Amino acid sequence: MDPRLSEEQEILRKSARDFLTDKCPKTLVREMEKDEKGYSPELWKEIADLGWMGLAFPEEYGGGGMSSLDLAILLEEMGRVCFPGPFFSTVICGGLPILDAGSDAQKRKYLPDIISGKTIFTLALTEASGKYDAASVKVKATAENGNYIINGTKLFIPDANVADYILCVARTDDKAKKPEDGITVFIVDAKSQGISTTVLKTIARDKQCEVVFNGVKVPKENILGELNQGWGDVQKIIERAAIAKSCEMLGGMEMVLDMTVAYVKERVQFDVPVGVFQAVQHHCVYMLVEVEGSRATAYEAAWRLSTGRPYSSEAAITKAWVSDAYQRVVALGTQSHGGVSIMEDHDLPLYFRRAKAAELAFGDARFHRKTVARNLGFKV
Amino acid sequence: MDFELSPEEKAFQKEIREFLDKECNENVVAETLSLQGAGPYSKELLRKMGANRLLAPRWPEEYDGRGMGAMAEAIKVDEINSHHAPFPLDGVEIGNALLISGNEEQKKRFLPGIASGEIDIALGYTEPNAGSDIASIQLRAVEDGDHFVLNGQKIYNSEAHVCEYHWLLTRTDPTAEKKHRGLSMFIVDLKSPGITIRPLITSGGLRTNEVFYEDVHVPRENLVGEKNGGWAVIMSALYGGGGGGGLATGTKNVINTLVKYVLEEKQDADENKWIPEAMADLYVKTHVGELMGVQATAFADLKVTPPYGGGGAVSRLLSGDTRRLLYNTAMQILGPYGQLAKDSKWAPLKGEILREFMDAPRWTIVHGSQEIQKLLIATRGLGLPRK
Amino acid sequence: MDPRLSEEQEILRKSARDFLTDKCPKTLVREMEKDEKGYSPELWKEIADLGWMGLAFPEEYGGGGMSSLDLAILLEEMGRVCFPGPFFSTVICGGLPILDAGSDAQKRKYLPDIISGKTIFTLALTEASGKYDAASVKVKATAENGNYIINGTKLFIPDANVADYILCVARTDDKAKKPEDGITVFIVDAKSQGISTTVLKTIARDKQCEVVFNGVKVPKENILGELNQGWGDVQKIIERAAIAKSCEMLGGMEMVLDMTVAYVKERVQFDVPVGVFQAVQHHCVYMLVEVEGSRATAYEAAWRLSTGRPYSSEAAITKAWVSDAYQRVVALGTQSHGGVSIMEDHDLPLYFRRAKAAELAFGDARFHRKTVARNLGFKV
Amino acid sequence: MDFELSPEEKAFQKEIREFLDKECNENVVAETLSLQGAGPYSKELLRKMGANRLLAPRWPEEYDGRGMGAMAEAIKVDEINSHHAPFPLDGVEIGNALLISGNEEQKKRFLPGIASGEIDIALGYTEPNAGSDIASIQLRAVEDGDHFVLNGQKIYNSEAHVCEYHWLLTRTDPTAEKKHRGLSMFIVDLKSPGITIRPLITSGGLRTNEVFYEDVHVPRENLVGEKNGGWAVIMSALYGGGGGGGLATGTKNVINTLVKYVLEEKQDADENKWIPEAMADLYVKTHVGELMGVQATAFADLKVTPPYGGGGAVSRLLSGDTRRLLYNTAMQILGPYGQLAKDSKWAPLKGEILREFMDAPRWTIVHGSQEIQKLLIATRGLGLPRK
């Protein structure tokens, strides 16, 4: 057992941290919260040039040929700085699913443009129920002359406002016996006629959208994977995204802990640094429990994913723990800071807002505990 | 033993409730929920409340109060909160301290104005380097003939931008051996030359302020209590007001609103089976906090130390924790919809839950952090030793 | 509003405390844990002579004519010292139900002997499910020649080993539509043929029993209340017992808090009393929150009961809060004491063990939260 | 990065697991669960384990160890726990400290005996007035020629009544300015004249001891480390052992046992809908605690400080909290049956849950209370200032 990063990974982390410290200050993060697109095309191009989008893709498509674990480290660093933009949507929810489930032609068509930063992807999975289960997929795709016609409304779709392509999860057979059957994933050109997108105003000021499909025509060669057999792929996307999101959250938590420890060492009240007070020390200790726990489980899950081991169970455990942990870390960090940290211009509320959005993404703690319960043998 | 409000208190509760049902219109509620401080509609309502002697029921009738007790004050606060009416907290609380520490002239000068809703007074304690450790404040007041000259900065002074006066803790003796011995309290006219008010916004969207003093001249008659006797005045404001905690009608309303939402939108889903028990738990905690609060208030009105001496502080501690739990739970119930702000498409319950969730961290920090409250309960209530 | 006790109540409290301090030391409590009967007949006689059993009964039966609130104060004091014996079973679960639901003849027959300390009662309600709902009542009573024949097993019946009479809750009509219908309460002579009692070994070392009814014959005039309509009375017994048990628990909690505060003021480590440490202070503060909350809600409920106001909702809130509170008070008290308090000969474990038993009696927190949820409008 | 046990560690795990599956019979388990200290069956098993070099895998081969790392030690502990085998904790841990602080003669004298299961050594730190504040101990050791004379009292010295030796912290210099400078560590033969061992029983039924010293003569060669250098020795025992936390097979077994119980006895009842999520939560916490623990152990074996420096202490803190939550939850699941002791009619799961529930308070107090652990994590791990 060796929980250390490799030397290359340490270099990747350091270079990512240096780059982001320089290029992604909180001023940019705040600006992007107000920005209509929600990301900086210049920065997007820069990270593409650094090979970040392509990091975990094979070299044959222009990728870096590195692993999911390397990508996890990058995501952790992005979470540290609240990196704005459609990186997660494009890489985790667009590119990697195509790499996994796509045909050769699809891979050749889409991956190089993702890797070069030319196209932005997103995944349109959730609908009115807001849930990540198969039964909630009600958007319908109907075969018609070699095409499929998609109708219905997707909700909470990240970055759909800037996406070039949308992986749309739709029901193609509503007579199937189980809700998991009869679901198909389509690669939809976001400029197709009949798509309308409304940006929702969210706590994280990220760009989650309502996407209405109104008779959107998609050629059948744009089916990703197998017709009616899409849920297995979606399941895999959710699990992988849960791990990836947890890595991002780990980075955020670490930053909150670092900020808090630095502040309580320095902030003087009653003639001593407040970090000498036992209550403040205990706040920090419990933050550390959450952070170290998150690191242990997120890395284990990413490593399993990266090395081809089964990871469903670990994905659920990780997202269950990390979702709660980030909330608690932010709450304890705020309490340790006191008044200064509840000001809008303080950095802590940025993390507070993102912690909530991240908790909800790809299943909250309760959703994943249900999976854990199922693995224990309960019928839930 | 009797746990019912007195007939007089019930009548007052009915009166203020009916008054606010009628007068606290949507314009006022919008101003309150905007968190930007009392706006014109709110000011108007406060004046109307003042005209009906609803603002300071605890004060003697000569100062336009009703000569009632802390319980009436608690009823007032509860009704104001549950109606989302503007909250003239600071003026009336400062008035309570003035009743104890002010001279006759000051009482006559300020109390009727507060009670009539004409003037409001903002708290001016905290400074950038003096939060929990209030005795460390540095804003300097130098005596100069018949007035004092003030220089320095306050922070997190909510409502200062809509108030007429500032209840200002200053340092008059920087050489005092114990730092809380060198403090003096003033009431300062916020229109005085040399005062600059700058907005600060919390992450929950609440407008608060930094207030800068630059050679501000304050007449001696605005000194409350003795020079260098400010610590006694602040203690009378913080604890002399007495009373315990309050009623929890507002919180119970939120719980009922959530229950209604769940019953209408979510009842059948199997994964929502956790909700009834969670809501019941919140209701129990809210109810118990309320009982502790009103019982402590009743003890205060009887001028009796409650058993164990914890009093209302214990209730406030529980209520702070419960509040946080309530909005965390509410957000979990709302799921992804919970993250939608009030002016977003699909925002549930008018975005109110999200607003409160974002505002919630404030409640365990401001007006004495929970850590300070626990210290006071431990040492004053339980008699545990200080270092 | 006036949360103070009356002068008479203060005197009652003081005299009860003085008496119990003198006559019910922990040595007796420990002795009674090992004793086969579980109570001291001498002490039993003494409290009868003091009028404790009769406190809340009308004077016409020899009672003191005082209120449920006065009784609550007595129970609180008994809880403070872990009073051993069948007082609760006899008065709360035997005498008061007879006063409420009994015929004149029954009252005249049973109450004077209860009040004088001559007879011991208990309530046989729970069965194999361990639950306090109507559906769990499966013990059957069948009419036969003007008698009823009871068959079945009751579990967790307190003090049945020493009871003279048992209020047995039985099903007399198993064709009724709702589980609440068809239930009847019988006053059963504990010496009747066919009753066998086994004392169970419990954490609190109280005398909870298995009571097997094997063809036990009970004359029909021993029906308490109405045939087939007994559940309403049982419901009332449960609610009142939940309040009464909460008062007992309140007394126990207060004692744990008092012991803990006294100890941390006096125990020196690192050259200071441990009570100066912020963590210990916070433990004590949270104990106080639990105790003050318990007092506020238990007294309110007892006052409502005592003054004829509705109290079902308050009974549920009280037992829900107090059940959890006692556990937490004991846990925090133990943590504040450190090693000394996990020793068998320390007083704290006595309260630890009783807190668990009391939590379970007459519905745990979860059971009562369900009632609260129902009152909020949920169908649970 | 690699989170699998090494092939050597896997082999060791398999070896000890299979060994205990076979050898840890019901007599041994009964002795362990009786909490009365290692009895004859346990002693026999320990000797068998020693003969198979299963007791001290971390020690060098010359001392009958296997030259493995902290991970092997963690594997051993995990298998012993999950089999309810006797736990030779103190002897081997003290051996770890001896490896660091003992002289050659002491190592040769004691280590092989410990590793072979022939001798065990009881910890002797705590005194009635020195719990968390170990440096305050008073048991006096006075030098007298080639030996020391010991007088005083220890408390909570578990297993002392079945051990051959005592790892005893004494005060050799009562005048030292800093109290932790006047301490010395000895290994004392518990058969020495003047030693009296008296039983103490915890509320969970665990047998521990008071140990009284009255003019006990201890030869100088039994002094470990320097005279007045006892603090360094105790630190090497407490922290020098390194390692993190352990595997959690035992806890996971308990969770699985409970799940089985629920599925068989309680699944259908509507009011038990809360159980699956509660058990899942416990499983998550157990698993995360385990991961933190083994990763910290792996860092220790690599002689690398883990990120944030919290190491195994953080895992132990979580595991302590989780343990308490587990048995509280288990008792709630069992309902009224939970209160039945193992030899009662109707006792579920052999009364094991109740036994653990009653024993649970001990786990956040002994071997360094949680408060002391948090202090160490805050100051050593996070670098927060001491007063």
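First chain written, first letter: the chains are A, B, C and D, and each begins at residue 1.
The rule we apply is simple: contacts are C-beta pairs under 8 Å (C-beta built on N, C-alpha and C of every residue); 3 or more make two chains touch, one makes a residue touch a chain.
Values in this document were obtained by computation on a predicted structure and should not be read as measured data.
Under the touch definition stated at the top, chain A and chain B share these contacting partners: C, D. Counting C-beta pairs in contact across A-D and across C-D gives the higher total for A-D.
The chain with its Cα centroid farthest from the Cα centroid of chain C is A.
For the pair chain B and chain C, the distance between mean C-alpha positions equals 42 Å.
Between the CA-based centres of chain A and chain C the separation comes to 54 Å, rounded to the whole angstrom. In chain A, the residues touching two or more other chains are 277-280, 282, 366, 370, 380.
Chain B has residues 274, 277, 374 in contact with two or more other chains.
Note for the complex: chain A touches chain D at residues 1-6, 9, 69, 257, 261, 264-265, 272-273, 275-276, 278, 280-282, 284-285, 288-289, 291-293, 295-297, 299-300, 303-304, 317, 320-321, 366, 369-370, 372-373, 376-380. Residues 1-6, 9, 71, 255-256, 259-260, 262-263, 267, 275-277, 279-281, 283-285, 287-289, 291-292, 294-295, 298-299, 301-302, 304, 306-308, 310, 314-315, 317-318, 374-375, 377-379, 381-387 of chain D are the ones that touch chain A when the two sit in their complex.
Those residues of chain B that touch chain D in the complex are listed here as 273-274, 277. The touching residues of chain B, counted against chain A in their complex, run 126, 129-133, 136, 155-156, 200-205, 270-271, 274, 324, 328, 331-332, 335-341, 343-347, 354, 357-358, 361-362, 364-366, 369-371, 374. Taken in their complex, chain A has these residues touching chain C: 277-279, 282.
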